[in-house]
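Per-chain numbering from 1; labels A, B, C and D assigned in written order.
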Amino acid sequence: MTNSWTDIKNTDLIVVMGGNAAEAHPCGFKWVTEAKAQRGAKLIVVDPRFTRTASVADFYAPIRQGTDIAFLLGVIKYCIDNDKIQHDYVRAFTNAPYIVKEGFGYQDGLFTGYDEAKRDYDRSSWEYELGPDGYVQIDETLQHPRCVYQLLKKHIAVYTPEMVERICGTPKDKYLTICKMIAETSARDKVMTSMYALGWTQHSKGSQNIRSMAMLQLMLGNIGMRGGGMNALRGHSNIQGLTDIGLMSNLIPGYLTLGTDKEVDFSTYMSTRGFKPLRPNQMSYWQNYKKFMVSFLKSMWGPAATAENDFAYQWLPKLDVPGYDVLRTFELMSQGKVNGYFCQGFNPLLSFPNRGKVTASLSKLKFLVVMDPLQTETARFWKDEGVHNDVKPEDIKTEVFELPTSCFAEDEGSLVNSGRWLQWHWPGAEPPGEAKHDNWIMAQLHMRLRALYQKEGGAFPDPIVNLHWPYRDPGEPEPDEMAKEMNGYVVSTVTDPVDPSKVILEKGKQVDTFGQLRDDGSTACGCWIYSGCWTEKGNMMARRDTSDPGNTGAYSNWAFSWPANRRILYNRASADLDGKAWDPKRKLIEWNGTAWAGFDVPDIAPGAKPQDVGPFIMNPEGTARLFARAMMKDGPFPAHYEPFESPVANVLAPKIRGNPAARIFKDDLAALGTSDKFPYAATSYRLTEHFHFWTKHVWVNAVLQPEFFVEISEQLAAEKNIQKGGWVKVSSNRGSVYAKAMVTKRIKPLICDGKTVHIVGIPLHWGFTGAARKGFGPNSLTPFVGDANIETPEFKAFLVNVEPSNGPATS
Amino acid sequence: MGLQSQDFARISATNMRPPDVRHDFEVAKLIDVSKCIGCKACQSACLEWNNLREEVGFNTGSYDNPHDLTPNSWTLMRFTEWENPQSGNLEWLIRKDGCMHCADPGCLKACPSPGAIVQYNNGIVDFVSENCIGCGYCVKGCPFNIPRISQTDHKAYKCTLCSDRVSVGQAPACAKACPTGAITFGTKQAQLTFAQTRVADLKSRGFQNAGIYDPPGVGGTHVMYVLHHADQPQLYAGLPNNPRISQVVELWKGLTKYAGMAAIGFAAAFAFVHGIVARRNDVSRAEDREAEHVIDEEAARGRQA
Amino acid sequence: MVVRREEERTTVDRYPGRVRVNHWVTAISLILLALSGAALFHPSLFFLSGLFGGGANTRALHPWIGVVLLASFAILFVQMVRYNFWQKVDTQWMRHIGEVMSGHEENLPEIGKYNGAQKIVFWLMTLLILVLFGTGIMIWYEYFGASFTIEQQRFGHIIHALAAVAMLLVVIVHIYAGFYVRGTMGAMTEGKVTGGWAFRHHRLWLRQEAREGVIDERQTPPRRHTVGPAE
Amino acid sequence: MLHELSRRQFMKAAGAGIGGSVVAALGFGGAEEALAQAVRPFKLTGTTETRNTCPYCSVACGVIMYGLGDGSKNAHPAIIHIEGDPDHPTNRGTLCPKGSALLDFVHSETRTKVPQYRGPGEREFRQISWGEALDRIARLMKDDRDKNFIKTNQDGVTVNRWLTTGFLAASATTNETAFLTYKVVRSLGILAFDNQARV
């Protein structure tokens, strides 16, 4: 989220698209109902299904899953055509005026530089035209044919209301009503907020779905505003935290990235991370990258990380591919190239696409370790559960360990919510039976490995035996110790270069902010964006002050919000070029002539003059990007591509299947189904009564939604002679499941490109352990293909067939 | 009944009206159907607070789970898919069902067991399990079909409006939990005022018939609804248009009760008086003798036959 | 051999043991039903539930007693129905009911085993018991709560209540008649009535019985004098 | 720190006390009174309050866990009720159907309670000790790492990666656990490292 849950109360228009806030985030959705009740805000829901969010919406329109880009680019076109954009904002705060290199183009659904064999682009032409001064050439008038604004206009020209209806199946009149409502928020005193979640990410072009809305929000001047922004609802309680701390293949805490094989040493590594400003006076905050990186390395290897050994840069693994994401890992596993696997509170047997492939892959492991407070299906993937897990245990040679862990109620520590709030919590009881805290388990593993390497030696023991382990009880580090590590501390006293008697940073003290971090090894910091969470003043994440000056919904003294306790990102953009709030009623920060001040921590240097310095300080441009340059794998602009399994061909580029830049492995490509055998467009989702695969272990929730079902329209039910509450068999080219049929008016067939498209809804909460009735998950059906940029699987759009059945008993 | 009797407005099956001297605030729960997302947090909170659990059921092609109120499930979301003929829009009407805590409770009227159903001065209608005899009369008395009789202990159960929480100044569990604020709790007066603002908001959004459901037929309720279509309550999973205690029940618990008692009393009294004043109907010596003749005569006839 | 000449008096057998047992089972059931029913019928009588071990037990027992009543009365019905068909003479007799109530039966027509009033009681009881049982089933919540709609049950309740009142009235008449008409109780206790009673109230019946034959149980004179159709 | 005493909590504690006395004043206190049964005694009076965060979605609602006992040595704490934290700016005391039922998550019958092991081809789990489990896992890890660790690639560039073992982290663990996990996993050179943010 750029904003926060409590900030949503400030909005005028909520667009829920690519998400289902009411069902997946009911308590956050409260701020939508507040905005509606308190300030007459309107709620728009665009979804293939009439969801429980739609049930309280002012306006609902259906859309075929996987066509959001066409819809959104169409809205941008509408806004431009009807002069409903926030001109000053667009001109000053986005790269609309920037001129793009000669040679960039887009044709037949492809951008310049496409290599079909590699399914990848040579992105060199997707760049700005630089002037002799090394800065980007711009045209304030936005008239230059190669300026981003003109290129965008040209790029989206095709997305007329008629085309949108043809692609998305959204009736033109409904679509235009929505365009009109959205366009209204281009006014300076009107804002719209976008609430989205996995309905946009779980596509082979998920990142571009989100970019499309972000671009629209920029055109309307709604980024950085109270009640505006791009608000990813996010999934798990600490999914934000784990991403921040970089528990992903290619990440280092604080969104730093691992080196690649090309970055042979630290200087080469840093050279590609120079982040020189692309416009005069811009902050280009990543210029501080080295300070964060060195401080991180110090927190990893402490004294062993020295200037001499490049602070142990080489001890980090290097990537030979963009990343070993889960799809790649399970592909390797299926080829027998992975021997050991750990699942710490993760249930891949139900969470990853193409369950058949997941089972086969896990069966090839030598050992599997599951750490979980609940008895997961993954820990039992080898168990014969009849139709619900049809395997032969004797053929599966994998050694499996199930390690019982504590749950939230027995844990202490911090979680980061989608509003980037780090909130501390306390344990109320001991773990049951022999269950242990994850910290204990990870520490015990490390200590054992360290001992083994010290005793026996072995492959490159240095990073293990030298891992910085300064904990009171090395066998079970306490949460406060790690929290302080992440905040950062001073390794060696730093004095003022001019007057050495003046101590700037005192050895052993916690740093107050990442501004104090050094690139010479005198500071250590586990996760720079968390600096300030546990300072000398104590645990800022445990703060419980509920005051909210100006009733902005910021609650600045409640817990801690990264970065630097900032509650609304890009809040500098809430003020105009002179530093005055676009909308006085929505004042956030303003330029008082000498400094920025207001209700939130300014997202800019306090003394940065409004005319000089752009609001998007993380970008070398200082502005937001409508044109993403080479930073997106599948295009600097979003473009409509069909899902890999689609009931209709891509009307814009019939030859192209799916996202041309999305990676798909050979076998998985072969495993895709076609609409002749699997005519119905399926999508998967969560229900409000359940949380993923946890609450089926919870008696009460099992009662509230006891049994696996699929949702189909009355028309499809009639066509297939399917009874309400009767059994159906749903199959894709990869597998099949049995489910009860929920026949509903809330799903209606769509007409796309003149063809009737039936939608099949498949919720994901059932498995073969827990209190709820045994059932299946959609991942028995879903295709093994991910987003081009981040490899999130395409769970939201795939093809199935549906037939009446007598249920699993008879199978 | 002790001190607390002064806290009762009504007590079932008793002739003496409770003193009703303590003037408590009337409380009310307001359910704003237009804000409800049908998340079932209220059901969840209710089961948890009251330490009740339900059998894990089945899916029957609807979101209503469990499928009906039970002795353990005192509240339930009822889902209705309705295509509005005026706007042509689909509306998913979701109503939280449960005890309405009527000002004039039919259950209490029908109950034959003294003190098994009580109404506090704050308006809460409560079942006192200890006095409940499990006859099921309350089921017949209720215009909303709410009470359920447990087949385990044969006692009637329903929403208590969390009388235990209210008695210590807290809101009912469902009201506290409700994520969107569709359920609110307060004094009836304040709730009615607040409900007006909600109705105004709905009218501004085109729901011309939006209104408050506080049915006069039962003297008003302490659980009220804000409905987008207050003119057609039955749309919301059969919410009664104009609920009132059944005439049959009124007759049974009214006239019949008194007339019956009178008739029997009169008959008994008549017999008693007659017994005293009337001439003895007894056999006389003469009749004994005549009997002998008759016997001889008939016996003789018998022999000749 | 139903008319006996004993030392002191002459008696006529009216009810054999099996009928008497049935009658009393029925009678006791009726009383228990009246008491338990009354407890549930009116708050002022709820204290009666104490006799059955509290309200819950009263609620549970009442219908079962009803079942016993139905069974025993059914047998009684079979035993008595043939004497209870209406005849002209019953109508004549009913015209003189006032005299009966004032203790004069001189001018009544001779009648058989039962008089009009008794027959009316018999048929009323039959009817009411059927109604009470039928409606009783409808409102027997523990077992039949699900079998009838709430509206049907509401009607069941009111009809049951009205029928119960009627039943009580009939029972009061029946019992009082037993007391008022002296010598009647013996019929249901020892099973016999005096010849005089039979002559006064059921002369026709007395004649029939006598014609069947008379047993002389007197000790003197010692010679046995037996009579009967055998000779 | 098992639980911290916040402003509201103090009020609450006091409130419960007052509540109790109110109940008594109303006469619902005396169990001997038949009608006293009408109102169930307030079940949270005297429990220990601990603040926590709902572990489900990323709205991260504040919850209060009500624990058995007053924290004294011999009273083993056990969560008996969980309710929304009225102080929390986001949820203001409300909870969704999952959050409202957190108690059943804590006490779920299918929670893991002992370490279990399943050998190759076996049909069932069997219990093992933590010691056995961890020793065995560490051994399997080291053997695999020593065998398959890649120190340099074909071009002789130091790459220090271990690709034959992977680690999925949980996006429901705390930041502190996450960071400790990160240190342990990365120090081994593991690249097949991911969490739910990916899916």
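As a convention for this text, contacts are C-beta pairs under 8 Å (C-beta built on N, C-alpha and C of every residue); 3 or more make two chains touch, one makes a residue touch a chain.
All values reported here derive from a predicted model rather than from experimental measurement.
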For the chain pairs B-D and B-C, which is connected through the larger number of C-beta pairs in contact?
B-C
Central chain, going by Cα centroids?
D
Between subunit C and subunit D, tell me the centre distance in angstrom, where each centre is the average of that chain's C-alpha atoms.
75
Just the number, please: Cα centre separation of subunit B and subunit C in whole Å.
40
Interchain centroid distance [CA atoms averaged], subunit A/subunit C, Å
87
Per the C-alpha centroid definition, the whole-Å distance linking subunit B and subunit D comes out as 43
Multi-chain contacts only, two chains or more: what residues does subunit D have there?
82, 91, 94-101, 104
Using the touch definition from the top, which residues of subunit A touch two or more other chains?
26-27, 30, 688-689, 699-701, 704, 771
Going by residue number, subunit C touches two or more other chains at none
Tell me, which pairs of chains are in touch?
A-B, A-D, B-C, B-D
Spell out the part of subunit B that touches subunit A in their complex, as residue ranges.
34-41, 43-44, 47-48, 53-63, 65-66, 81, 83, 89-92, 94, 179-182, 198, 201, 204-205
Can you tell me which positions in subunit D touch subunit B when the two form their complex?
15-16, 18-20, 22-23, 26-28, 30, 33-43, 45, 81-84, 91, 93-101, 103-104
The answer for subunit D against subunit A in the complex is residues 1-4, 6, 48, 50-62, 65, 67, 76-79, 82, 87, 89-92, 94-102, 104-106, 108-123, 125, 130, 133-142, 144-146, 148-149, 151, 153, 155, 157-199
Residue numbers on subunit A that touch subunit B, as the complex places them:
22-23, 26-27, 29-30, 33-34, 36-37, 40, 50, 52-56, 58, 60, 688-689, 699-709, 723-726, 740-746, 771-773
Over in the complex, which subunit B residues touch subunit D? Could you list them?
1-5, 7-8, 39-41, 43-45, 47-49, 51, 115, 118, 126, 128-131, 160, 163-165, 167-170, 173, 176-179, 181
